[in-house]
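Following are the structures in question.
Heads up, the next two complexes both have chain A, just with different partners, chain B and then chain C.
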Partner chain A sequence: MIRQPIQLRTRIVISVLSILAMFVAYEAIAMRQSRINPKQTVVPGITSLWDGIQKMTTPNRRGETWLVEDVKATYGRLFLGLGLGIGLSIIIGVAMGAYPWVEAFFVPAVSFFAKIPPTAMLAVYFVLFGTKTEMFVAMVGLSVFFTLAQSIYQVAKKDVSDHSVFKAYSLGATSPEVIYEVLWKQILPRVIESIRLQIGPAMVFLIAAEYVVGDVGIGYRIRIQSRILNMNVVYIYLVMLGGSGLLMDWSLTQLRRKLCPWFGE
Partner chain B sequence: MLKPILYFSVAGLMLAAGCSKSAPSTSGGGSTSAPGSTPTFSLAWSEYPSWSVFGVAHEKGIIDGEEGKLGPIEEKWGVDIVLKEADYDTCLTYFGSSETDAVCITNMDTLAPSLSRDAVAILPTSTSVGADACIAVGIDSLDGLKGKPTYGLEMSVSQYCFERNLELQGKTIADYPFKNMDPGAAAQAMQSNQADIESIMVWNPFVMQTLRTRDGAKVIFDSSTIPEEIIDMVVIGKDALAKEGGEAFAGAIVEAFYEVNKMMADSTTGDDTLIAIGQKFSSLSLEEMKEVVKQTRFYGTPEAALALLTSEKFQNETMPQVSSFCESHGIVASKPVIGFNKDDAQFNFTTKFIEAAKAK
Partner chain C sequence: MTYALEIKDVSHWFGTNKVLNNLNLQIAHGQIVAVVGPSGCGKSTLLRAIFGTHPPKAGQILADNEPVTKPCRSVGIVYQHYTLYDFLTAKENVAFGLKLDQTNLPFRLFQFPKWRQLQRQHFAQSIEFLNRVGLSHAIDKYPHEMSGGMCQRVAIAQAMIMKPKILLLDEPFGALDESTRTDLQLLLLRFYQENLEAKRAGQTAPHTILIVTHELNEALYVSDRVVGLSQYHADGANGATIVYDRPSPIFHPDDPRDFDLFLSQREELRKVVFDPESKKRHEEFVTFWNEHADLQAIAMQKA
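And now, the complex of A and B:
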């Protein structure tokens, strides 16, 4: 029978096994590669990953620690971009869901640009925003904005019934009150959910941009280090990306549960 | 209750074991023209004037880059050459991860992979004499560049050429910041008049492109000051060379390279061959290609190649210098042992196959 519940203990055992399986699979690939070439560094064994960790946490001659510099740069760009993109898309998205004339104005541009991967128009971003922090922030911000504005306006329009809107009006609410008390509060959990789904793509675009034009940041380090086959550094960065993604995911889910307990899981 | 867990873990282990068993095989299956016993070897190349030669050799029917098919040179040597075209950085990874037997690579970029896979340079194909250049806009001289960032690929021949030129002019390297940017992107940024990109250090075709497209772009210095320091080459893994047919593979590559060079030198087929190379290399015209091959000076004959590899300067000055640069810039953790006709060196330059081609 499907959906048969399992005990918590069993669940934990299975999860631990799954993590173990990942390690086993990684070691197996590393061993296979070592059989082809014993001196290989392309898939370093788990032990030599430790050297990678040391390399990225020891300050270099200029007193810079790779890990610190890269994390500061990449997450700085990410959060600034996310903040701008989310803020803008909430304002425009809600307005589009509330007023058909705003909707009519923004729909063509928003739905069109939401479909273009920003990395494909890197050159356009250069021309518009240069090659410094502004460019990375703009790329993250705009990529988030177009997709998020679209999904926010969809839920604001469709997930809030006319019934509740008109009820609020007949009880004497003003338009701003209806927007905040009725529209916004009802769509908030879905907005958080959409934001959560946008972090992944935003990170993809950011890393890709750093890969090409960055002089610091996770994408830059991955490119330069994999070029000289220092894969033990690269893999640690990948693990870090996975971990930070999970953390952000989890935080947003917690935020949603706290702000909108009525929404359920 | 525990049964499904058991299934899953067994399946997981089987998967892992399966991975470890399936070592890549390079046998030419289902070929019609190559008999099953012909050993197969791969050469990874990226678009660069003296490496596109191999693409042209395939087009002109001198070799057949497809697996299972043999061109005349492959038949003569009894070896099947498989050409793999990829981005330059990808070629480096191919070589480092033993995904290819041979690779088109520069002398400098060979140092890092040679630490984990012994490398044998069998053939220098060209040297950069102006093909790497520092281009600036609104800056007239090296002194004007002081304090301003130059954009180019870090830890690459660009940075090497940049610092060597500063050194030759007696400048302090710390005064001239070098910032990382992909050469294609740097060229694009300069060509689209980005205000904050005043100086870039890139290689061809980006040098030509930028000078052609951006008004006021000026070469501050280029690699013509350091001829025979940046060498484009073909490198084989020592493991691949030791395999059955490995030496024949090396011989066939060297011969194919000189065959195309003969066609370039011949007055009846020369332009045609250049055009073919130009098409492979960023669609350049014949005139532009004539310029390009001046800046990327080919080692078109065995004699030219031997002159480089046996020169005192290259052996005792250039390579140690490149090696020191790599060590001081963190490209290699320790210097690999470089040798000339020394089979036990980690990075060995051999003249064996060039001499064989010369004797013929």
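And now, the complex of A and C:
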């Protein structure tokens, strides 16, 4: 029967088996490729991947390793961009959901820009912000802002009934209190969920931008190393991106559970 | 005399559609008034006007002599679908109004120890109210963990703790099963007994309630006064008005729940308020204040 529940232990065993299967399949393909061409680097084996890790962690002439340099650059840009985008979209999105005149003012612009793929806007960001950190931060921030502001606005408008708002006034609330104590607290779990969904796209835009114009960062390193077929470095970076994405996702889920125990799963 | 609620010459219309036609109503402190009427007669419009979210186009509404132009502390409300705050437990939901009314955000942030102390008092009061509505076992439950009846009790406690001048109940038991509905009706009868006790002690009656319901038995059972709003009267083309305003029988919570006791009044109400053929002058059955003195005497005697 579909959706037949399974025991937690069975679930864990299946998940572990799936990870093992991925490793075994990868290693089998790597061994097969190496038998065909012992010098191949497209599907490097475990030993070759270890070489890649050593390359990434060997200090260069400036005394910095690729790993530290790239992680600092990429995640610095990501968190700064996300911080600005999220902060701005919360303020504007909540205001749009609370005040019809703010809604009327922002809806056309937000709806329009949310439909333009941020990577298509890269040229505009280059012209406006150059190719340094500001450009990456602006791109991540604005790409997150338009989509997130729209989703927060929708949630603030639909998840908080007029009755809840009117009742708060009848209980003695002022307008700022209604916004913070009713509207914000009601939509908080959905805001966290929306942020969670925005991290993936933000990473895509950032890595794409670094790939095109970066001189440091994970996207830049993937481009340079893939050109010379150093896939043992590229794959390690990809694993790192996947791992960090999962970690951020998990952290936000935990945050939602902690802050909004009433929301359930 | 100061009324808990006074509606003066209130009319309301949407475009060319006239809904309320020159309404006048005075509700004294301690009355439990049921409003009944056919579908589409403007009960909800009237309720929204009294609550202050949709002020009337003409006339005035006063709660304890203060004009009502927007939702305010004087007028509390319980909606049919509870409208509890999902992110608060039963105890927090009931104490929510005390928090909003007695503190502000800077106080809660910058005088945290004092706020915690006050919050403990609020929770104590909240638990006391939850006990009164029979929910002592559910104080830490979130709304999604409670049944509809439990949520409605919390909503009543949430409104009552604020001691509004008048509490509006908008078809509060409409979505509940028969047994829960009966329990909550008895709760209203207990509130009425508390009013009588307060009056006997020379105090102001604590609960003034206006309940909108489409259930005639419920209207006659829980209230001490029934008001019928209807478009079926001589000037009905200009909107609905009050066509019936009479005392209803007083029940004690321990009395048998016998609806046959008000059979004749129910028929009278049905004929005057719900019959589309009724084209009488609307004042004919608006006799509450004439009968009021007698009603009080009977109530005190019975209590």
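Keep this in mind: the second predicted complex is superposed on the first by the 259 of 265 C-alpha atoms of A that agree within 3 Å, B and C clash if a C-alpha of one lies under 4 Å from a C-alpha of the other, contacts with A are read in each partner's own complex, and residues count from 1 in each chain.
The definition used in the following text is that a residue touches a chain if its C-beta (ideal position, glycine included) is under 8 Å from a C-beta of that chain, and two chains touch if they have at least 3 such contacts.
Predicted, not measured: the structure shown is a model, and the values here were computed from it.
Peer 1: Clash or fit: chain B and chain C on chain A?
Peer 2: fit
Peer 1: As a test of reading the superposition: which chain, chain B or chain C, is in touch with more residues of chain A?
Peer 2: B
Peer 1: When the two structures are overlaid on chain A, which partner does A:63 contact: first (chain B), second (chain C), both, or neither?
Peer 2: After superposing on A, A:63 lies clear of both chain B and chain C.
Peer 1: Figure out whether A:177 sits in contact with chain B (first) or chain C (second), or with both, or with neither.
Peer 2: second
Peer 1: Tell me the contact category for A:228 with respect to chain B and chain C: first, second, both or neither.
Peer 2: It touches chain B, and chain C stays clear.
Peer 1: Of the partners chain B and chain C, which touch A:185 in the superposed model: first, second, both, neither?
Peer 2: A:185 sits against chain C, while chain B stays out of touch.
Peer 1: Would you check which partner chain A:108 touches, where first means chain B only, second means chain C only, and both and neither mean what they say?
Peer 2: The answer is neither, since A:108 touches no partner chain.
Peer 1: So in the superposed three-chain picture, is A:169 touching just chain B, just chain C, both, or none of them (first/second/both/neither)?
Peer 2: In the superposed model, A:169 contacts chain C only, not chain B.
Peer 1: Once both structures are overlaid, what angle do chain B and chain C make about chain A, taking C-alpha centres and a multiple of 10 degrees?
Peer 2: 150
Peer 1: Does the superposition put A:5 against chain B (first), chain C (second), both, or neither?
Peer 2: neither
Peer 1: Between chain B and chain C, what is the shortest CA distance in the superposition, whole Å?
Peer 2: 33
Peer 1: Would you mind listing the overlap between the chain B footprint and the chain C footprint on chain A?
Peer 2: none
Peer 1: Can you tell me which positions in chain C touch chain A when the two form their complex?
Peer 2: For this pair, the touching residues of chain C are 51, 53, 70-73, 75-77, 79, 81, 83, 85-88, 96-97, 99-102, 104-105, 142-144, 158-159, 162, 164.
Peer 1: Once bound in the complex, which stretches of chain A touch chain C?
Peer 2: Chain A reaches chain C through residues 161-164, 166-174, 176-177, 180-182, 185-186, 188, 260-264.
Peer 1: Using the touch definition up top, name the residues of chain A that touch chain B in the complex.
Peer 2: 6-7, 10, 13-14, 17, 21, 24-25, 28-29, 31-33, 35-37, 39-43, 60, 122-123, 126-127, 130-132, 211-215, 220, 223-224, 226-229
Peer 1: Considering only the defined contacts, which chain B positions touch chain A in the complex?
Peer 2: Within the complex, chain B contacts chain A at residues 1-2, 5, 8-9, 12-13, 15-17, 19-24, 89, 92-93, 96-98, 112-113, 115-117, 151, 154-156, 179-182, 184-185, 188-189, 192, 194-197, 239, 330-332.
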